[in-house]
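In what follows, chain A forms one complex with chain B and a second complex with chain C.
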Partner chain A sequence: MRLNKIILSFVSALVILFSTSVASFAKVVGDKIILGAAISLTGKYSSNGVHTQNGYNMAVDRINSMGGVKVGGKTYKFDIIYYDDESNPKRAAQLAERLISQDGVEFMLGPYSSGLTKAIAPVTEKYGVPMVEANGASRSLFTKGYKYLFAVLAPANLYLDVAIDLAVEKNNGKGVTVAMAFEQDAFSQDVRLGVLDAIKRTGSKKVIDDKLPKELNDMAATLVKVKQMKPDVLVVSGHTKGALTAIRQISEMKVDVPMLAMTHCDAAKLSKQHGKNSQYALCASQWHKTLTYKDDFFKDGMTYDADFTKEFGYAPPYQAAESSAALLVFKDAFERANSFDQKKVRDALAATNMQTFYGNIKFAPGGQNVDKPMVLFQVMCDDAGKCENKVVAPTKWASAKLIHPIPSWSKR
Partner chain B sequence: MISVQACLDGILLGILFALIAYGMALQWGVMNIINIAQGDLVILGGYIAYFMYLYGIHPAWGVIVAPVIMYFVGIAIYKLVINKVVDRDLFISILATFGISILFMQLMNFAFGADVVLANSDYGTTMLFNNNVVLPNSKIFSAFISILFAICLVIYMKKSKLGRAIRATAQNARAAKILGVDTEKVYAATFGINAALCGVAGALISITFTIHPYMGLPYTIRSFMIVIVAGLGNLPGVAMSGMGLGVFEEFADYILGTEFRIGSVFLLLVLILIYRRFKLSRKREYLK
Partner chain C sequence: MKNNLILYIGILILGIAAPFIFPAFKVQLSILCVLIVLATTWNIQGGEMGYNSFGNILFYGLGMYLCASVQVGMFFPLAEWTESGGEKTFVHTPAQFFQGMAVGLIVAAVVPTIVAGLIGYSILGLRGHYFAICTLGLGVAAGEISGGIEIIGAGQGFTTPPFPDVGSLDSRGEFFYFLSFFVLVLTFVTVRSIYTTRFKLILNAIRDNEDKAEAMGIETMKYKIIGWMISAFFCGLAGGIMGGLVGYIDSTDVAFDGREMGVFMVLMAILGGKGTLWGPIIGATVFHIFKEGFWTFFLGWQYVALGVLIVVIVIYFPEGIMGWLREKYPERFGEVVDEKDRKAQVELK
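Presenting the complex of A and B:
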């Protein structure tokens, strides 16, 4: 009886093994190039995970409907296998392993967030699978010497240094005093390093340097310090929670600072959730629809914005735009490599130098995109309380003039 | 002035935490269950207020609607899970409520999405001492409502029949049963009341802070600590230790820096436990 059971389980294990290997994909099946992606469809990153997936899907449909990818005189279409990584780095690494060794995927798209990209990168590197990622900005991703990792976005340390430069410029080139509040996670700490570099470079001075715990949603103590020290710039980065908490408490505690710069404003839907209280906040963004970059597939930012809104029912946050750009990069690399050999595609990716609706893309040896500056937009509201994000820096892309200093709360 | 600001901020924060902790102390005392899902019940209460806000109802009404809904949620959780673990040892109940916590997080994530949200009360700000001390009215409102609910509950526990039954069960469940108290009902009501308190606190948190499906755990830990410091069945103790911890946190944040805020609270907990052990060991009587 026991022997029967053992035989039965052995046979069923074999059946399962065969069924999975039969169902597995090769890198290119027929006229399809199959890419793999582990995406956070559930868990704490699920909102941005969905933005990422929508961005990928939009680009796949667009490229396929506009002639696909031409390699070796044949036309191929993109297809993506998705798995849900549950916003969990361990699971993401397992899924990357599964995509590569079981499903036979030979080209990968990145997950959402720096943390998950960090978990996946060693796996793709081990198997020599080129990965183009669009949502991992942490500087540490680009200092490990990865050869197969390419990021279409600017690294995290460039997010807010523009704001310091802007404040110095407004201060007639003299250094400013800076108050900083950053969450203790890889991304925010990288943003902090960038700000510290900018402070050093411009001869500015940091007066507050608070590290916000991940589980904290109260920054009253930091803001009391800000009221005391009266810095020229307050810089906050703590994902959507940090942005929402900061605006709520700054408005409630009537904290007056000449300049307030932060990250994750559009992911936090700042102007929608806080209305006029979010006015004048400066926000770092990878992309904005008014930028005038162009490509053949999405035309420009405004067209992308309109098309995306039509298809998915909401305006694209930059997480979606950069994800779409990742597919454009892959298409370009495949065509230039004119092959599906991973090494050749990798070399073609490394030599990428192109413009997309999302921005210029050119990779440094570390894999980060060095040809696309960050933009800063400012939340501006009209008298009726309708708020809009307008690009104010760099000057080349500015669609509105920076309002500086921020009017005090007593005058609003 | 800064110390006045930090003190007031801490007290207002502490009162809110004390309300959550009181619920925990109540059911811990009565049922001997440490509810890991406490924070998740708080967040669920917050979502109720948030949805009222979305539909154009002022979120402050959440402090009335949320506890009513949460009371029934509490009863449902009790009937489905807790009544099976109530007589077992503490470890089993911790595991069970831990499971409930994970389930709640995932369900809230599934139902409400993973965005951080908040409800705007537009209550404005109170300026004191020549504008040197600033208190958001939403925090004052939260503290006021928390105190109100705590007072009502104390009176209810003292005067009502169910309140007396709950206290009797907490003292000695077996004796209460022999004397005709339906302990099963008492347990269900206790869990319901705890969930209702969490609902109130959640509604207040959505007005003063932010809510997110995965943000419950810090509230569980905070209330756990307050209860440990105060001891079970000691309402003034819970209120005092709640406010004390709030003030201590604010000062630690101000003096040591934000990164040491939570750490310093844990350090304080360790010190208190060591002190208690020390005090107990002096009183200890050995069986010879």
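Presenting the complex of A and C:
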């Protein structure tokens, strides 16, 4: 008898489960345009996942409070369904499938990281769901012939090749020796390819080429080699953890290197967490608050920085800024398409040519943004120990002069 | 026997009808099939033979990479496909896609089987915890090594060929569902027929007392290797399908995913009841449903909820669901119970 009860309750629980998850949200309900997003709320990308989510939320609130999206003479508001992809590509692909086929989402926002975007893109492509993504920079995303993928950011191979150029310039045009340490993931490996191209182009030489594990919390072996080989440039990339680990161990081991180039310094809040230890680090960034781009919603970088800090309690890294920009792109495309037809919205997206506080946005046929250069900033500290990120390249945006070479630890 | 036949036909019909009854859940159903295959084949070692293997994920990942590589390599240069900066775009025609998939799956099944034979020959001499730890290392090592091989994408990952434009939007889901369901049926039929032979008894003998089994003249090593090779065959197939289903292979997060899949297959077999035919199947189904439920309703807390589930399983169902049922309803399992004797025992307690 008891068993029957157990089975009965089990079956009814199942029925409830299925029926509630089938309850479809659909793409446009009433006055809401519902976008879907799988975000890394847990796992190794969780900190950047949260930056992405905050960026999305910030833009949704702003656009909604400033009149929403006007399509066909009616005003609509944005809403986002989030799932947690656990920083796992397998999960991300499943969730994309679920958002589209179960939740009925017809427009998607991208996840965080190139790897996860690579996992989701085949799904959105198959269903013809336009996806504007802000955090998948790997070049291989844009060579697969995807028609429904649009990235507001510059591809990963452009992140650090500028740093090599800078080093060569400082070396009077002669080639330099480069030590490289990259995490084994889609994004970092693509940054590596960009650096390799730059090395070839400038006649430089790579002296160390290490791969770092995914759960990155130790790179001492590489740094010991750096101490012995004394390269002109050390390049490190491994998302937030990579940046934190590098700075921590470089300062602990007192590794002297004339130029240290990295990614994800602002997402890792380096200047806050490591203060003076992070000084002189050169970082690639998609965006910086001092850039002079403008739009109607966030005005400019400085205003965005202030508003974001007020709302979330920390300064926005570029991951948040580009995520906010993705919503602006969607709004613009919906209004130009003046329809919710996926093909029409896709075509409108492809024809995007606009300026946002984050930068100019114009998509190449592959889907990457070709109208926005990368910037390099350097962490600079004053005597009181207060550190700030200042743009040093390209010269058009530079607000400070590059400090080169980095003074040795004994003189700091 | 007649009852069983009705049961099997019923399940077969349900399996074939499932994607049409729950059209939105095709992907989850396909994954369920893959999970059942993994749990059922893990049970050959962990349940019947008493060798707790964490290494089956090796064959799964191997199958995944092999299937995708063959599928691409048959028609296009593999290195250019996986190269990140590659300027060319390759598109499979439907015929190429399905031919590639078919050949890929065969390779994905055969090669891991051979690998299992070779590795098994060298490490199946280890027993108990030593074997478990050794196999744990296999999966981790494979993940790290494959993450460094350029031709399969290394750290960049490997995008598997996208499903070609045939039929409707649903055809991709249907194709992968029926493929995985077919492999599930194949696995079940094979495992079930093995379990009716002397082979199963030998595996059980190894589990219960390997030394005694050897003393009785059984070449235990041979049977252990064969058992592992059978598992590897189906794990490879499952991996090949999963690669196509996910669409993107990452060395440690998708292929050699010991932290998730590798642990899940053990957990599912234990939840359902190891050492039984139906245990892993029930375990995988219950586990998958709970997992999907947690992921929907406890967003952010899903792993906590999963952890609680595992604790509950270990405390209340140490023998798994089948074990629990067997204890409650021994008659159903063909065990004759002497009521008087049972009552006497209960009173004694």
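The definition used in the following text is that the second predicted complex is superposed on the first by the 388 of 412 C-alpha atoms of A that agree within 3 Å, B and C clash if a C-alpha of one lies under 4 Å from a C-alpha of the other, contacts with A are read in each partner's own complex, and residues count from 1 in each chain.
The definition used in the following text is that a residue touches a chain if its C-beta (ideal position, glycine included) is under 8 Å from a C-beta of that chain, and two chains touch if they have at least 3 such contacts.
Fair warning: this is a prediction, and the values are worked out from it, not measured in the lab.
Three-chain overlay on chain A, with chain B and chain C fitting side by side and no clash. By the document's definition of touching, both partners, chain B and chain C, reach A:211. Once chain A of one complex is fitted onto chain A of the other, the partner contacts of A:123 are limited to chain C, with no touch recorded for chain B. Look at A:102: by the touch rule set out above, it reaches chain C but stays clear of chain B. Within the superposed three-chain model, A:339 lies out of touch with both chain B and chain C [touch as defined at top]. In the superposition on chain A, contact is made by A:184 with both chain B and chain C. Judged by the touch definition given at the top, the superposed model places A:245 against chain B, while chain C stays out of reach.
Our angle of interest has its tip at the CA centre of chain A and reaches the CA centres of chain B and chain C; in the overlay it is 50°, to the nearest 10. In the superposed pair of complexes, A:145 makes contact with chain C only, with no contact to chain B. Shared-chain residue A:42: touches chain B and chain C both. In the superposed model, A:225 makes contact with chain B only, not with chain C.
Note on the superposed arrangement: chain B and chain C approach each other to a least C-alpha distance of 5 Å.
Looking at chain A, you'll find residues 42, 87, 184, 211, 213 touch chain B in one structure and chain C in the other.
On the side of chain C, the complex with chain A involves touching residues 22-28, 31, 83-89, 91, 144, 147-148, 154-157, 159-160, 162-163, 169, 172-173, 242, 245-248, 250-254, 257, 260, 289, 292-293, 295-296, 299-300, 302-303, 328-329. Residues of chain A that touch chain B in their complex: 42-48, 87, 181, 184, 210-213, 215-222, 224-225, 227-228, 239-241, 244-245, 248-249, 252-254, 268-269, 273-275.
Interface residues of chain A, counted against chain C in their complex, comprise 3, 14, 17-18, 21-22, 41-42, 82-84, 87-90, 93-94, 97-98, 101-102, 115, 118-119, 122-123, 125-127, 138-140, 143-145, 157, 182-186, 188-190, 193, 211, 213-214. Against chain A, in their complex, chain B makes its touches with residues 2, 5-6, 9, 13, 106, 109-110, 113-118, 120, 125, 127, 134, 136, 138-139, 209-210, 212-215, 217-218, 250, 253-254, 257-259, 261-262.
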